[in-house]
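First subunit A sits with subunit B, and in the next complex the same chain sits with subunit C.
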Partner chain A sequence: MREKTLCTIVTFLTPTDAMAFECFAGQHDLPGRLIPVPSAVSAGCGICWCAPHEEAGALGALKAANTLAIEAIYTLLI
Partner chain B sequence: MNHEREIMPTIRIDAMGEPCPQPVVKTTRALQDMREGDVLEVHVDNETAVENLLRLADNRNIPARSKKVAERHYLVAMQCTVPHEKEEETETAPAAGRGDLVVAVTGRTMGTGSDELGEMLLKGFFFALTQLEPLPKVILLYNGGAFMSAEGSPVLDDLKQLEARGVDILTCGTCLEFFALKDKLAVGSVTNMYSIVTTLAEAMTVISP
Partner chain C sequence: MIYLDNAATTVKKPPAVIESVTAALTCMGSANRAAHDISLSASRIVYEARGKLAAMFSCDAERVVFTANATEALNIAVHGVLKPGDHALTTDWEHNSVLRPLYRLERDSQVGLSFAPADSAGSIDYADFERFLQPDTRAIICTHASNLTGDMFDLGRIGELAKTRDILFIVDASQTAGIFPLDMKRFGIDILCFTGHKSLLGPQGVGGLAIGSGVDIAPWKVGGTGMDTFNHDQPQAYPERLEAGTLNAHGIAGLSAALDFIHDTGMQAIRMKEQALADRFYQGIKDLPQVTCYGDFSRERAPIVSLNIGTTDSGTISAELADAFGIATRPGGHCAPRLHEALGTKQQGAVRFSFSWFNTADETDAAIEAIRYLATE
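Coming up: the complex of A and B.
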């Protein structure tokens, strides 16, 4: 059985926003990846950024900066 | 006392210089006429052909071994046991649910319309595959799909995880060669058209993103 890990999920309003975030993350060495939005999270465009839970603080700061069209941030076991 | 039977050649196939999948096709034909205990020697000139032949033997429960004879000369020896044992098992085996799922990935994108969107969707597809229970039996990668198992692939970690959990990751050798990826295969093994068709034909369900 696959072991689940605690992750920080970042949702976006549009797939374009999600792709833009992936580009941003690549440029700034932010760990994580795009994944389909887990069924436990109903919000968002369908694609979200999934990062290790340790990144929650950094991702929260990015949302607060309000420059990357982040819709919401969740903590989930995936 | 040594119980290991000495392997003596009874049938020899020279497939040197034959393009994929001819060595496998010739071998398959030869196996049909073989009796238990017969030995088949196949001579080929590349490692991909060796892998394909060993896979063919494994699929049919035929003991096989290979050795490098010289530069660009390999020998695969098969000793015929009970012919087509696995095929008979397959025909009589009860339905096994999604355990017989085969995933065929044919390109670098999922769907058509926008390559950028398609690449992102495909990454999501592979992640979702890792979450699937039960997992697919085989993932076939051909044409642009061959990039998925090569160095630099954005889904390499997913494929490695799937392989570690028992999923066969098979990439088309012709495709790897065409895209100059032959030396960059980073997960799974190489397959050929003969094996691809057999895998697709025997699958209970095939999905293609």
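Coming up: the complex of A and C.
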């Protein structure tokens, strides 16, 4: 098993919201990728965005801006 | 064969549509179900197609819902908004995919139903939309273009009426999506139903609804959505709320390529060519002896020309066109019973010629010559 790292996890209510986020991330060079929601997170639609922990601030600001449908943001060792 | 039955389905597709479906069939997983690349590749293509349709119809991407065809979309729309005690206003131009769901609701669910009537020329007076409204009218449901005559409604006019009375406006755009601008906001459309395999030039098996913001549709089909697994109820968020079951992502991939083709070629260029071919045909046959054409040719119209020759059964003419001239047309009732009744063609039916981007002037001239021969022989 690879070593665990601290990550920022963005969850979405629907898979369509997850796809919208991935599309936005691609357009704005946001690091990260879609992964299955880790079992430690009980929310989410099954797919979440996993980014390096350094991105937590930027992702938090994105959620606060409320232009993308983000359900919640978590910090997890995965 | 010269194919002039494009109002039923367009047979000739842009090559990119075929390539896209083939590529999807070789590598695509189930959309919105997992985070591995094979599933995500499907999710991405589905999401992209939603975005392209949202741009075409001026709505939010998550409010584009995929279905199997317009019939399913119309069933979802009509059953999802009308409740017992509601009244609905529709028209004599409608296809059975609008009429039968409404007749069933009228029969089984105490939904009141009125029709803006067509006269013997097939015309509908806009004043009748207002005349038949009731205090409990919940929705106006109408086609953009008649699939029998090609005549079109001015959607902005009906949408305006619906808005001022706070009534939902549901449009069947089966014959016009892809060739006519359909800006939901501009026309005041609350729910637009489309099918992918006609003027949108995509494969069969994909259609959908575009839903305006603030409009809610109760799901009539519930099941797996790839999310909220332990919830006993259907998720409320769009589009998943109305998309239970695995999507036809292979078909959606084809539709997505067709949308690119329409975008790159230009909707206006496509429409003008199709209308020019239909008009060329109409001008070539309208004055022939015994030929009766149906509809109003003085206004903007969908590229459809329906006709009869004398009192000969439309099926006989259509069979002769196929057998002797290699021309494919559609005779009979075209799933448009009320308009045939208004036109007086219930028994005879009508022979429908419908044109696509891929038809040519030579094909159109061959159809004119065939009708000339049959009308004068």
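Everything that follows uses one rule, which is that the second predicted complex is superposed on the first by the 77 of 78 C-alpha atoms of A that agree within 3 Å, B and C clash if a C-alpha of one lies under 4 Å from a C-alpha of the other, contacts with A are read in each partner's own complex, and residues count from 1 in each chain.
Definition applied: contacts are C-beta pairs under 8 Å (C-beta built on N, C-alpha and C of every residue); 3 or more make two chains touch, one makes a residue touch a chain.
Here the structure is a predicted model, which is why all the values come from computation and not from measurement.
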item	value
First, second, both or neither for A:I47, with subunit B first and subunit C second	both
Partner chain(s) touched by A:A20 [first = subunit B, second = subunit C, both, neither]	second
Touching partner for A:R2 - first (subunit B), second (subunit C), both, neither	first
Winner by number of subunit A residues touched, once subunit B and subunit C are compared	C
Which superposed partner A:H28 touches (first subunit B, second subunit C, both, neither)	neither
Set of subunit A residues, in rising order, touched by both subunit B and subunit C	15, 18-19, 22, 34-36, 47
Subunit A - residues contacting subunit C, complex	13-20, 22-23, 34-36, 45-48, 69
Footprint of subunit B on subunit A - complex, ascending	2, 15, 18-19, 22, 33-36, 47
Of subunit C, residues touching subunit A in the complex	31-35, 40, 43-44, 46-48, 50-51, 61-62, 225-229, 235, 237-240
Touching residues (chain side subunit B, partner subunit A) in the complex	116-117, 120, 123-124, 127-128, 130-131, 165
